[in-house]
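Labels A, B, C and D are assigned to the chains in the order they are written; within every chain, residues are numbered from 1.
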Amino acid sequence: MYSETFEPRFYETDALGHINNTVFPAWFESTRTPIFRFFTPDLDAKKWKLIIASLTCEFKREVLYNESVTIKTAVKRIGNSSFTTTQACYQYGKLATVGETVIVQFDHHAKQSLPMNDVIRAQLSEHLLEGDWPLELDE
Amino acid sequence: MYSETFEPRFYETDALGHINNTVFPAWFESTRTPIFRFFTPDLDAKKWKLIIASLTCEFKREVLYNESVTIKTAVKRIGNSSFTTTQACYQYGKLATVGETVIVQFDHHAKQSLPMNDVIRAQLSEHLLEGDWPLELDE
Amino acid sequence: MYSETFEPRFYETDALGHINNTVFPAWFESTRTPIFRFFTPDLDAKKWKLIIASLTCEFKREVLYNESVTIKTAVKRIGNSSFTTTQACYQYGKLATVGETVIVQFDHHAKQSLPMNDVIRAQLSEHLLEGDWPLELDE
Amino acid sequence: MYSETFEPRFYETDALGHINNTVFPAWFESTRTPIFRFFTPDLDAKKWKLIIASLTCEFKREVLYNESVTIKTAVKRIGNSSFTTTQACYQYGKLATVGETVIVQFDHHAKQSLPMNDVIRAQLSEHLLEGDWPLELDE
(Lines give C-alpha, C1' and ligand atoms only; values in the text may rest on other atoms or scores of the structure.)
Protein backbone atom coordinates (compact mmCIF):
# COMPACT_ATOMS: atom_id res chain seq x y z
CA MET A 1 0.00 0.00 0.00
CA TYR A 2 1.26 3.45 -0.88
CA SER A 3 0.84 6.53 1.27
CA GLU A 4 1.46 10.18 0.48
CA THR A 5 0.93 13.19 2.74
CA PHE A 6 0.69 16.73 1.37
CA GLU A 7 -0.90 20.15 1.94
CA PRO A 8 -4.09 21.13 0.13
CA ARG A 9 -3.67 24.16 -2.12
CA PHE A 10 -5.64 27.37 -1.58
CA TYR A 11 -7.01 27.43 -5.14
CA GLU A 12 -8.46 23.95 -4.53
CA THR A 13 -10.98 25.36 -2.04
CA ASP A 14 -14.36 26.66 -3.17
CA ALA A 15 -16.85 29.25 -1.90
CA LEU A 16 -18.18 26.76 0.65
CA GLY A 17 -14.82 27.09 2.43
CA HIS A 18 -13.64 23.53 1.85
CA ILE A 19 -11.85 21.54 -0.88
CA ASN A 20 -14.11 21.37 -3.94
CA ASN A 21 -15.28 17.86 -4.84
CA THR A 22 -13.86 18.04 -8.36
CA VAL A 23 -10.35 18.17 -6.83
CA PHE A 24 -10.42 14.60 -5.48
CA PRO A 25 -10.16 12.81 -8.84
CA ALA A 26 -7.12 15.04 -9.47
CA TRP A 27 -5.52 14.16 -6.10
CA PHE A 28 -6.22 10.48 -6.68
CA GLU A 29 -4.58 10.70 -10.12
CA SER A 30 -1.50 12.42 -8.72
CA THR A 31 -1.03 9.81 -5.96
CA ARG A 32 -1.24 6.88 -8.40
CA THR A 33 2.24 7.77 -9.71
CA PRO A 34 3.92 4.72 -8.07
CA ILE A 35 1.47 2.51 -9.98
CA PHE A 36 2.04 4.44 -13.22
CA ARG A 37 5.73 3.51 -12.84
CA PHE A 38 4.90 -0.22 -13.17
CA PHE A 39 3.82 0.55 -16.74
CA THR A 40 6.11 3.47 -17.64
CA PRO A 41 9.12 3.38 -15.29
CA ASP A 42 10.52 6.74 -16.40
CA LEU A 43 7.03 8.35 -16.52
CA ASP A 44 7.67 9.58 -20.07
CA ALA A 45 4.23 10.65 -21.30
CA LYS A 46 5.15 9.66 -24.87
CA LYS A 47 5.39 6.00 -23.76
CA TRP A 48 2.17 6.08 -21.69
CA LYS A 49 0.30 2.75 -21.61
CA LEU A 50 -2.79 3.46 -19.53
CA ILE A 51 -6.28 4.80 -20.03
CA ILE A 52 -9.04 5.40 -17.47
CA ALA A 53 -12.30 3.45 -17.97
CA SER A 54 -14.19 4.81 -14.98
CA LEU A 55 -13.82 6.57 -11.65
CA THR A 56 -15.94 6.95 -8.54
CA CYS A 57 -15.58 9.16 -5.47
CA GLU A 58 -17.55 8.80 -2.26
CA PHE A 59 -17.48 11.87 0.00
CA LYS A 60 -17.84 11.07 3.73
CA ARG A 61 -16.46 14.22 5.35
CA GLU A 62 -15.47 17.62 4.08
CA VAL A 63 -11.75 18.36 3.69
CA LEU A 64 -10.37 21.72 4.79
CA TYR A 65 -7.48 23.77 3.45
CA ASN A 66 -5.44 24.28 6.59
CA GLU A 67 -4.42 20.74 7.47
CA SER A 68 -2.43 18.16 5.54
CA VAL A 69 -4.13 15.15 3.94
CA THR A 70 -2.87 11.59 3.62
CA ILE A 71 -3.86 9.54 0.60
CA LYS A 72 -3.48 5.75 0.71
CA THR A 73 -3.42 3.84 -2.58
CA ALA A 74 -4.03 0.12 -3.05
CA VAL A 75 -5.22 -2.33 -5.72
CA LYS A 76 -8.69 -3.83 -5.43
CA ARG A 77 -9.00 -6.02 -8.51
CA ILE A 78 -6.61 -7.40 -11.15
CA GLY A 79 -8.25 -8.39 -14.44
CA ASN A 80 -6.81 -9.42 -17.79
CA SER A 81 -6.00 -6.05 -19.31
CA SER A 82 -7.47 -3.86 -16.58
CA PHE A 83 -7.27 -3.35 -12.83
CA THR A 84 -9.04 -1.28 -10.19
CA THR A 85 -7.31 0.98 -7.70
CA THR A 86 -8.90 2.00 -4.43
CA GLN A 87 -7.73 5.15 -2.67
CA ALA A 88 -8.61 6.78 0.62
CA CYS A 89 -8.11 10.40 1.62
CA TYR A 90 -7.70 11.04 5.37
CA GLN A 91 -7.63 14.35 7.20
CA TYR A 92 -7.45 14.87 10.97
CA GLY A 93 -7.00 11.08 11.12
CA LYS A 94 -10.47 10.37 9.74
CA LEU A 95 -11.56 8.90 6.42
CA ALA A 96 -12.88 11.73 4.23
CA THR A 97 -13.10 10.41 0.66
CA VAL A 98 -12.80 7.03 -1.06
CA GLY A 99 -12.07 6.78 -4.78
CA GLU A 100 -12.01 3.79 -7.11
CA THR A 101 -10.60 3.90 -10.62
CA VAL A 102 -10.72 1.28 -13.35
CA ILE A 103 -7.56 1.53 -15.43
CA VAL A 104 -6.86 -0.29 -18.70
CA GLN A 105 -3.48 -1.10 -20.19
CA PHE A 106 -3.87 0.46 -23.61
CA ASP A 107 -1.86 0.80 -26.80
CA HIS A 108 -2.38 4.48 -27.69
CA HIS A 109 -1.20 3.93 -31.29
CA ALA A 110 -3.29 0.82 -32.08
CA LYS A 111 -6.12 2.25 -29.91
CA GLN A 112 -6.80 -1.10 -28.22
CA SER A 113 -6.43 -2.68 -24.80
CA LEU A 114 -3.39 -4.80 -24.02
CA PRO A 115 -3.29 -7.81 -21.60
CA MET A 116 -0.99 -7.22 -18.61
CA ASN A 117 2.08 -9.48 -18.33
CA ASP A 118 3.08 -11.53 -15.26
CA VAL A 119 5.64 -9.01 -14.00
CA ILE A 120 3.04 -6.24 -13.82
CA ARG A 121 0.43 -8.58 -12.32
CA ALA A 122 2.90 -9.55 -9.60
CA GLN A 123 3.64 -5.87 -8.86
CA LEU A 124 -0.05 -5.05 -8.61
CA SER A 125 -0.62 -8.14 -6.41
CA GLU A 126 1.79 -6.82 -3.79
CA HIS A 127 -0.54 -3.88 -3.18
CA LEU A 128 -3.91 -5.68 -2.93
CA LEU A 129 -6.26 -4.38 -0.25
CA GLU A 130 -8.64 -6.89 1.31
CA GLY A 131 -11.83 -5.38 2.70
CA ASP A 132 -12.65 -1.74 3.29
CA TRP A 133 -10.54 1.25 4.25
CA PRO A 134 -10.48 1.80 8.03
CA LEU A 135 -12.49 4.80 9.23
CA GLU A 136 -9.59 6.03 11.36
CA LEU A 137 -6.01 6.43 10.23
CA ASP A 138 -3.79 4.30 12.47
CA GLU A 139 -0.43 6.08 12.42
CA MET B 1 -33.51 17.74 -19.84
CA TYR B 2 -30.87 20.45 -20.03
CA SER B 3 -28.30 20.78 -22.79
CA GLU B 4 -25.22 22.96 -23.01
CA THR B 5 -22.66 23.15 -25.82
CA PHE B 6 -19.22 24.67 -25.33
CA GLU B 7 -15.60 24.49 -26.47
CA PRO B 8 -13.03 22.48 -24.49
CA ARG B 9 -10.18 24.62 -23.14
CA PHE B 10 -6.57 24.02 -24.15
CA TYR B 11 -5.36 23.69 -20.54
CA GLU B 12 -7.88 20.89 -20.04
CA THR B 13 -5.91 18.62 -22.39
CA ASP B 14 -3.10 16.41 -21.09
CA ALA B 15 0.09 14.95 -22.55
CA LEU B 16 -1.92 12.14 -24.18
CA GLY B 17 -3.38 14.82 -26.47
CA HIS B 18 -6.98 14.60 -25.25
CA ILE B 19 -9.09 16.03 -22.43
CA ASN B 20 -7.79 14.72 -19.11
CA ASN B 21 -10.23 12.50 -17.22
CA THR B 22 -10.14 14.70 -14.09
CA VAL B 23 -11.81 17.48 -16.13
CA PHE B 24 -15.16 15.68 -16.55
CA PRO B 25 -16.34 16.01 -12.93
CA ALA B 26 -15.61 19.73 -13.35
CA TRP B 27 -17.61 19.98 -16.60
CA PHE B 28 -20.46 18.03 -15.04
CA GLU B 29 -20.47 20.41 -12.06
CA SER B 30 -20.51 23.48 -14.28
CA THR B 31 -23.44 22.19 -16.38
CA ARG B 32 -25.57 21.42 -13.30
CA THR B 33 -26.12 25.17 -12.80
CA PRO B 34 -29.81 25.05 -13.87
CA ILE B 35 -30.40 22.46 -11.13
CA PHE B 36 -28.43 24.51 -8.59
CA ARG B 37 -30.95 27.33 -9.29
CA PHE B 38 -33.81 25.18 -7.94
CA PHE B 39 -32.11 25.40 -4.55
CA THR B 40 -30.41 28.81 -4.75
CA PRO B 41 -32.17 30.87 -7.45
CA ASP B 42 -29.64 33.72 -7.42
CA LEU B 43 -26.66 31.30 -7.16
CA ASP B 44 -25.31 33.22 -4.15
CA ALA B 45 -22.66 30.90 -2.72
CA LYS B 46 -23.37 32.20 0.79
CA LYS B 47 -26.88 30.66 0.61
CA TRP B 48 -25.73 27.37 -0.90
CA LYS B 49 -27.85 24.36 0.12
CA LEU B 50 -26.20 21.40 -1.56
CA ILE B 51 -23.41 18.96 -0.88
CA ILE B 52 -22.05 16.13 -3.04
CA ALA B 53 -22.27 12.61 -1.60
CA SER B 54 -20.69 10.73 -4.49
CA LEU B 55 -19.81 10.97 -8.15
CA THR B 56 -19.02 8.49 -10.90
CA CYS B 57 -17.69 8.93 -14.43
CA GLU B 58 -17.63 6.26 -17.10
CA PHE B 59 -15.32 7.00 -20.04
CA LYS B 60 -16.44 5.47 -23.35
CA ARG B 61 -14.50 7.53 -25.88
CA GLU B 62 -11.74 10.08 -25.66
CA VAL B 63 -12.66 13.75 -26.03
CA LEU B 64 -10.46 16.04 -28.12
CA TYR B 65 -9.71 19.75 -27.79
CA ASN B 66 -10.66 20.99 -31.23
CA GLU B 67 -14.37 20.25 -31.38
CA SER B 68 -17.23 21.47 -29.21
CA VAL B 69 -18.88 19.15 -26.67
CA THR B 70 -22.55 18.94 -25.68
CA ILE B 71 -23.46 17.97 -22.14
CA LYS B 72 -26.99 16.77 -21.39
CA THR B 73 -28.19 16.85 -17.78
CA ALA B 74 -31.15 14.96 -16.32
CA VAL B 75 -32.37 13.59 -13.00
CA LYS B 76 -32.22 9.85 -12.38
CA ARG B 77 -33.53 9.45 -8.83
CA ILE B 78 -35.41 11.65 -6.34
CA GLY B 79 -35.08 10.62 -2.70
CA ASN B 80 -36.09 12.30 0.53
CA SER B 81 -33.23 14.73 1.05
CA SER B 82 -31.06 13.63 -1.88
CA PHE B 83 -31.29 13.10 -5.62
CA THR B 84 -29.08 11.71 -8.38
CA THR B 85 -28.22 13.53 -11.59
CA THR B 86 -27.13 11.74 -14.71
CA GLN B 87 -25.14 13.59 -17.34
CA ALA B 88 -23.81 12.67 -20.76
CA CYS B 89 -20.98 14.31 -22.68
CA TYR B 90 -21.18 14.01 -26.47
CA GLN B 91 -18.56 14.94 -29.04
CA TYR B 92 -18.76 14.39 -32.82
CA GLY B 93 -22.33 13.27 -32.09
CA LYS B 94 -21.22 10.24 -30.08
CA LEU B 95 -21.53 9.49 -26.37
CA ALA B 96 -18.11 9.99 -24.77
CA THR B 97 -18.62 10.13 -20.99
CA VAL B 98 -21.47 9.48 -18.56
CA GLY B 99 -21.45 10.93 -15.06
CA GLU B 100 -23.76 10.35 -12.11
CA THR B 101 -23.74 12.50 -9.00
CA VAL B 102 -25.57 12.00 -5.72
CA ILE B 103 -26.44 15.42 -4.28
CA VAL B 104 -27.86 16.11 -0.82
CA GLN B 105 -29.82 19.15 0.30
CA PHE B 106 -27.77 20.25 3.25
CA ASP B 107 -27.83 22.93 5.91
CA HIS B 108 -24.21 24.16 5.94
CA HIS B 109 -24.66 25.85 9.35
CA ALA B 110 -26.38 22.97 11.18
CA LYS B 111 -24.21 20.51 9.19
CA GLN B 112 -27.12 18.16 8.50
CA SER B 113 -29.22 17.02 5.54
CA LEU B 114 -32.56 18.67 4.84
CA PRO B 115 -35.63 16.99 3.24
CA MET B 116 -36.59 18.52 -0.11
CA ASN B 117 -39.97 20.28 -0.31
CA ASP B 118 -42.69 19.60 -2.91
CA VAL B 119 -41.78 22.55 -5.12
CA ILE B 120 -38.23 21.31 -5.57
CA ARG B 121 -39.37 17.70 -6.02
CA ALA B 122 -41.74 18.85 -8.78
CA GLN B 123 -38.93 20.78 -10.50
CA LEU B 124 -36.61 17.77 -10.37
CA SER B 125 -39.42 15.51 -11.64
CA GLU B 126 -39.73 17.51 -14.83
CA HIS B 127 -36.21 16.47 -15.77
CA LEU B 128 -36.35 12.73 -15.06
CA LEU B 129 -34.60 10.51 -17.58
CA GLU B 130 -36.00 7.03 -18.09
CA GLY B 131 -33.46 4.47 -19.30
CA ASP B 132 -29.96 5.05 -20.63
CA TRP B 133 -28.41 7.87 -22.60
CA PRO B 134 -28.52 7.22 -26.35
CA LEU B 135 -25.17 6.35 -27.93
CA GLU B 136 -25.70 8.89 -30.69
CA LEU B 137 -26.75 12.48 -30.26
CA ASP B 138 -29.94 13.06 -32.25
CA GLU B 139 -29.87 16.76 -33.10
CA MET C 1 -11.57 42.76 -31.12
CA TYR C 2 -13.03 39.48 -29.90
CA SER C 3 -15.63 39.19 -27.17
CA GLU C 4 -16.87 36.11 -25.33
CA THR C 5 -19.45 35.94 -22.53
CA PHE C 6 -19.74 32.90 -20.26
CA GLU C 7 -20.67 31.80 -16.75
CA PRO C 8 -17.99 31.30 -14.11
CA ARG C 9 -17.82 27.72 -12.79
CA PHE C 10 -18.44 26.88 -9.15
CA TYR C 11 -15.11 25.03 -8.75
CA GLU C 12 -13.33 28.21 -9.90
CA THR C 13 -14.31 29.99 -6.68
CA ASP C 14 -12.14 29.80 -3.57
CA ALA C 15 -12.73 30.04 0.16
CA LEU C 16 -12.83 33.84 -0.05
CA GLY C 17 -16.12 33.44 -1.95
CA HIS C 18 -14.90 34.82 -5.29
CA ILE C 19 -13.12 33.53 -8.38
CA ASN C 20 -9.57 32.52 -7.44
CA ASN C 21 -6.84 34.61 -9.08
CA THR C 22 -5.15 31.56 -10.63
CA VAL C 23 -8.25 31.07 -12.81
CA PHE C 24 -7.76 34.23 -14.88
CA PRO C 25 -4.73 33.03 -16.88
CA ALA C 26 -6.87 29.97 -17.71
CA TRP C 27 -9.84 32.10 -18.84
CA PHE C 28 -7.53 34.31 -20.88
CA GLU C 29 -6.05 31.23 -22.55
CA SER C 30 -9.47 29.81 -23.38
CA THR C 31 -10.67 33.08 -24.93
CA ARG C 32 -7.60 33.39 -27.19
CA THR C 33 -8.95 30.55 -29.36
CA PRO C 34 -9.82 32.87 -32.31
CA ILE C 35 -6.18 33.97 -32.34
CA PHE C 36 -4.92 30.38 -32.05
CA ARG C 37 -6.87 29.71 -35.29
CA PHE C 38 -4.65 32.17 -37.20
CA PHE C 39 -1.78 29.76 -36.58
CA THR C 40 -3.59 26.40 -36.47
CA PRO C 41 -6.94 26.80 -38.27
CA ASP C 42 -8.28 23.37 -37.25
CA LEU C 43 -6.92 23.70 -33.67
CA ASP C 44 -5.20 20.31 -33.97
CA ALA C 45 -2.83 20.23 -31.00
CA LYS C 46 -0.35 18.10 -32.97
CA LYS C 47 0.21 21.03 -35.34
CA TRP C 48 0.47 23.68 -32.61
CA LYS C 49 2.81 26.57 -33.45
CA LEU C 50 2.73 28.78 -30.37
CA ILE C 51 4.48 29.04 -27.03
CA ILE C 52 3.94 31.48 -24.17
CA ALA C 53 6.88 33.70 -23.21
CA SER C 54 5.21 35.60 -20.38
CA LEU C 55 1.89 36.55 -18.88
CA THR C 56 0.67 39.24 -16.52
CA CYS C 57 -2.66 39.75 -14.76
CA GLU C 58 -3.75 42.90 -12.97
CA PHE C 59 -6.68 42.47 -10.60
CA LYS C 60 -8.86 45.58 -10.18
CA ARG C 61 -12.09 44.12 -8.79
CA GLU C 62 -13.10 40.73 -7.48
CA VAL C 63 -15.18 38.50 -9.74
CA LEU C 64 -18.12 36.56 -8.31
CA TYR C 65 -19.58 33.21 -9.28
CA ASN C 66 -23.19 34.15 -9.87
CA GLU C 67 -22.97 36.55 -12.78
CA SER C 68 -21.63 36.06 -16.28
CA VAL C 69 -18.31 37.56 -17.35
CA THR C 70 -17.32 39.06 -20.69
CA ILE C 71 -13.75 38.76 -21.90
CA LYS C 72 -12.50 41.05 -24.65
CA THR C 73 -9.36 40.06 -26.56
CA ALA C 74 -7.16 42.31 -28.69
CA VAL C 75 -3.58 42.56 -29.94
CA LYS C 76 -1.25 45.10 -28.36
CA ARG C 77 2.05 44.55 -30.16
CA ILE C 78 3.20 42.71 -33.29
CA GLY C 79 6.89 41.81 -33.38
CA ASN C 80 8.92 39.64 -35.70
CA SER C 81 8.22 36.18 -34.32
CA SER C 82 6.17 37.22 -31.29
CA PHE C 83 3.13 39.32 -30.44
CA THR C 84 1.36 40.49 -27.29
CA THR C 85 -2.33 40.01 -26.57
CA THR C 86 -4.23 42.20 -24.15
CA GLN C 87 -7.43 40.92 -22.59
CA ALA C 88 -10.00 42.44 -20.27
CA CYS C 89 -12.48 40.63 -18.06
CA TYR C 90 -15.66 42.56 -17.25
CA GLN C 91 -18.39 41.66 -14.75
CA TYR C 92 -21.43 43.78 -13.86
CA GLY C 93 -20.24 46.04 -16.68
CA LYS C 94 -17.04 47.00 -14.88
CA LEU C 95 -13.43 46.17 -15.67
CA ALA C 96 -12.25 43.48 -13.23
CA THR C 97 -9.00 42.01 -14.60
CA VAL C 98 -6.56 42.86 -17.37
CA GLY C 99 -4.16 40.26 -18.76
CA GLU C 100 -1.30 40.56 -21.20
CA THR C 101 0.43 37.59 -22.79
CA VAL C 102 3.54 37.47 -24.94
CA ILE C 103 3.19 34.65 -27.45
CA VAL C 104 5.91 33.33 -29.76
CA GLN C 105 5.44 31.45 -33.02
CA PHE C 106 7.51 28.38 -32.34
CA ASP C 107 8.56 25.23 -34.14
CA HIS C 108 8.00 22.55 -31.48
CA HIS C 109 10.18 20.03 -33.36
CA ALA C 110 13.16 22.28 -34.07
CA LYS C 111 12.61 23.99 -30.67
CA GLN C 112 13.12 27.48 -32.09
CA SER C 113 11.07 30.60 -32.75
CA LEU C 114 9.67 31.21 -36.25
CA PRO C 115 9.09 34.65 -37.88
CA MET C 116 5.41 35.33 -38.62
CA ASN C 117 4.41 35.68 -42.28
CA ASP C 118 2.45 38.57 -43.79
CA VAL C 119 -0.90 36.80 -43.73
CA ILE C 120 -0.70 36.24 -40.00
CA ARG C 121 0.60 39.77 -39.39
CA ALA C 122 -2.35 41.18 -41.33
CA GLN C 123 -4.79 39.07 -39.29
CA LEU C 124 -3.24 40.24 -36.03
CA SER C 125 -3.27 43.86 -37.26
CA GLU C 126 -7.05 43.79 -37.65
CA HIS C 127 -7.38 43.32 -33.91
CA LEU C 128 -4.97 45.97 -32.61
CA LEU C 129 -6.13 47.90 -29.55
CA GLU C 130 -4.93 51.50 -29.21
CA GLY C 131 -4.80 52.76 -25.64
CA ASP C 132 -6.23 51.21 -22.52
CA TRP C 133 -9.32 49.12 -21.88
CA PRO C 134 -12.32 51.25 -20.88
CA LEU C 135 -13.27 50.98 -17.22
CA GLU C 136 -16.93 50.43 -18.12
CA LEU C 137 -18.28 47.97 -20.64
CA ASP C 138 -20.27 49.87 -23.26
CA GLU C 139 -22.80 47.34 -24.54
CA MET D 1 14.21 32.12 1.31
CA TYR D 2 11.77 29.23 1.16
CA SER D 3 12.22 26.14 -0.99
CA GLU D 4 9.77 23.37 -1.80
CA THR D 5 10.31 20.34 -4.04
CA PHE D 6 7.42 18.32 -5.43
CA GLU D 7 6.32 16.20 -8.38
CA PRO D 8 4.27 17.73 -11.22
CA ARG D 9 0.84 16.13 -11.61
CA PHE D 10 -0.20 14.36 -14.80
CA TYR D 11 -3.35 16.45 -15.24
CA GLU D 12 -1.16 19.59 -15.19
CA THR D 13 0.37 18.64 -18.56
CA ASP D 14 -1.25 19.73 -21.82
CA ALA D 15 -1.36 18.38 -25.36
CA LEU D 16 2.08 19.88 -26.07
CA GLY D 17 3.48 17.27 -23.65
CA HIS D 18 4.66 19.70 -20.99
CA ILE D 19 3.22 21.54 -17.98
CA ASN D 20 0.62 24.04 -19.19
CA ASN D 21 1.52 27.68 -18.54
CA THR D 22 -1.69 28.34 -16.57
CA VAL D 23 -0.41 25.92 -13.89
CA PHE D 24 2.47 28.13 -12.76
CA PRO D 25 0.38 30.81 -11.01
CA ALA D 26 -1.25 27.90 -9.14
CA TRP D 27 2.11 26.41 -8.13
CA PHE D 28 3.36 29.82 -7.06
CA GLU D 29 0.23 30.31 -4.94
CA SER D 30 0.63 26.93 -3.28
CA THR D 31 4.28 27.55 -2.40
CA ARG D 32 3.55 30.93 -0.80
CA THR D 33 1.97 29.14 2.18
CA PRO D 34 4.85 30.01 4.57
CA ILE D 35 4.23 33.68 3.78
CA PHE D 36 0.46 33.28 4.19
CA ARG D 37 1.24 32.09 7.75
CA PHE D 38 2.73 35.50 8.65
CA PHE D 39 -0.77 36.93 8.19
CA THR D 40 -2.96 33.96 9.18
CA PRO D 41 -0.86 31.60 11.33
CA ASP D 42 -3.46 28.79 11.41
CA LEU D 43 -4.31 29.27 7.68
CA ASP D 44 -8.02 29.50 8.53
CA ALA D 45 -9.61 30.84 5.34
CA LYS D 46 -12.27 32.66 7.37
CA LYS D 47 -9.55 34.90 8.86
CA TRP D 48 -7.77 35.51 5.53
CA LYS D 49 -6.11 38.94 5.27
CA LEU D 50 -4.61 39.00 1.78
CA ILE D 51 -5.66 39.83 -1.73
CA ILE D 52 -3.69 39.63 -4.98
CA ALA D 53 -3.18 42.89 -6.91
CA SER D 54 -1.19 41.48 -9.83
CA LEU D 55 0.89 38.55 -10.98
CA THR D 56 3.44 37.97 -13.71
CA CYS D 57 5.09 34.81 -15.01
CA GLU D 58 8.08 34.66 -17.31
CA PHE D 59 8.63 31.32 -19.04
CA LYS D 60 12.27 30.54 -19.86
CA ARG D 61 12.17 26.75 -20.34
CA GLU D 62 9.44 24.20 -20.62
CA VAL D 63 8.74 22.01 -17.57
CA LEU D 64 8.09 18.29 -18.01
CA TYR D 65 5.93 15.89 -16.03
CA ASN D 66 8.45 13.23 -15.16
CA GLU D 67 10.91 15.10 -12.99
CA SER D 68 10.42 16.95 -9.72
CA VAL D 69 10.45 20.74 -9.59
CA THR D 70 11.86 23.03 -6.90
CA ILE D 71 10.19 26.36 -6.23
CA LYS D 72 12.10 29.06 -4.33
CA THR D 73 10.12 31.88 -2.75
CA ALA D 74 11.47 35.24 -1.60
CA VAL D 75 10.31 38.81 -1.01
CA LYS D 76 11.29 41.50 -3.50
CA ARG D 77 9.62 44.64 -2.15
CA ILE D 78 7.96 45.69 1.12
CA GLY D 79 5.55 48.61 0.86
CA ASN D 80 3.08 50.13 3.30
CA SER D 81 0.12 47.78 2.93
CA SER D 82 1.49 45.64 0.09
CA PHE D 83 4.55 43.59 -0.78
CA THR D 84 5.89 41.72 -3.82
CA THR D 85 7.00 38.09 -3.80
CA THR D 86 9.39 36.70 -6.36
CA GLN D 87 9.44 32.98 -7.06
CA ALA D 88 11.55 30.74 -9.25
CA CYS D 89 10.70 27.29 -10.56
CA TYR D 90 13.68 25.03 -11.31
CA GLN D 91 13.71 21.67 -13.06
CA TYR D 92 16.79 19.60 -13.96
CA GLY D 93 18.70 22.24 -11.99
CA LYS D 94 17.85 25.02 -14.44
CA LEU D 95 15.64 28.07 -14.04
CA ALA D 96 12.38 27.44 -15.90
CA THR D 97 9.86 30.07 -14.73
CA VAL D 98 9.96 33.25 -12.66
CA GLY D 99 6.82 34.65 -11.07
CA GLU D 100 6.18 37.91 -9.25
CA THR D 101 3.05 38.64 -7.27
CA VAL D 102 1.90 41.87 -5.66
CA ILE D 103 -0.05 41.03 -2.51
CA VAL D 104 -2.06 43.48 -0.40
CA GLN D 105 -3.02 43.12 3.25
CA PHE D 106 -6.76 43.53 3.03
CA ASP D 107 -9.73 43.65 5.35
CA HIS D 108 -12.26 41.43 3.56
CA HIS D 109 -15.16 42.81 5.66
CA ALA D 110 -14.37 46.52 5.30
CA LYS D 111 -13.14 45.89 1.72
CA GLN D 112 -10.07 48.09 2.14
CA SER D 113 -6.31 47.68 2.36
CA LEU D 114 -4.59 47.55 5.74
CA PRO D 115 -1.05 48.80 6.57
CA MET D 116 1.30 45.99 7.67
CA ASN D 117 2.61 46.14 11.24
CA ASP D 118 6.27 45.95 12.30
CA VAL D 119 6.17 42.26 13.20
CA ILE D 120 5.02 41.28 9.71
CA ARG D 121 7.46 43.71 8.08
CA ALA D 122 10.30 42.13 10.04
CA GLN D 123 9.20 38.64 8.98
CA LEU D 124 9.05 39.68 5.33
CA SER D 125 12.45 41.40 5.63
CA GLU D 126 14.12 38.12 6.61
CA HIS D 127 13.26 36.73 3.18
CA LEU D 128 14.36 39.59 0.93
CA LEU D 129 16.11 38.59 -2.29
CA GLU D 130 18.68 41.00 -3.67
CA GLY D 131 19.21 40.77 -7.42
CA ASP D 132 17.99 38.11 -9.82
CA TRP D 133 17.41 34.41 -9.44
CA PRO D 134 20.45 32.36 -10.46
CA LEU D 135 20.08 30.51 -13.76
CA GLU D 136 21.35 27.28 -12.19
CA LEU D 137 20.16 25.73 -8.96
CA ASP D 138 23.14 25.37 -6.64
CA GLU D 139 22.25 22.42 -4.40
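One rule holds for everything that comes next: a residue touches a chain if its C-beta (ideal position, glycine included) is under 8 Å from a C-beta of that chain, and two chains touch if they have at least 3 such contacts.
Being a predicted model, the structure only gives us computed values, none of them experimental.
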| item | value |
| --- | --- |
| Selected pair, greater C-beta contact count between B-C and A-B | A-B |
| Equivalent of B-D within the choices C-D, A-C or A-D, defined by over half of its residue contact pairs recurring | A-C |
| Of all other chains, the one whose Cα centre sits farthest from chain A | C |
| Interchain centroid distance [CA atoms averaged], chain A/chain B, Å | 23 |
| Mean-CA-position distance for chain C and chain B (Å) | 28 |
| Residues of chain C touching at least two other chains | 10-11, 13-15, 17, 22, 26, 29, 45-46, 65 |
| Residues on chain D engaged by chain C in the complex (per definition of touch) | 14-16, 21-22, 25-26, 29, 45-46, 48, 51-59, 62, 108 |
| Partner chain B, residues of chain C touching it in the complex | 6-7, 9-11, 13, 17, 26, 29-30, 33, 36, 42-46, 65-66 |
| Chain A residues within the chain C interface of the complex | 10-11, 13-15, 17-18, 20, 22-23, 65 |
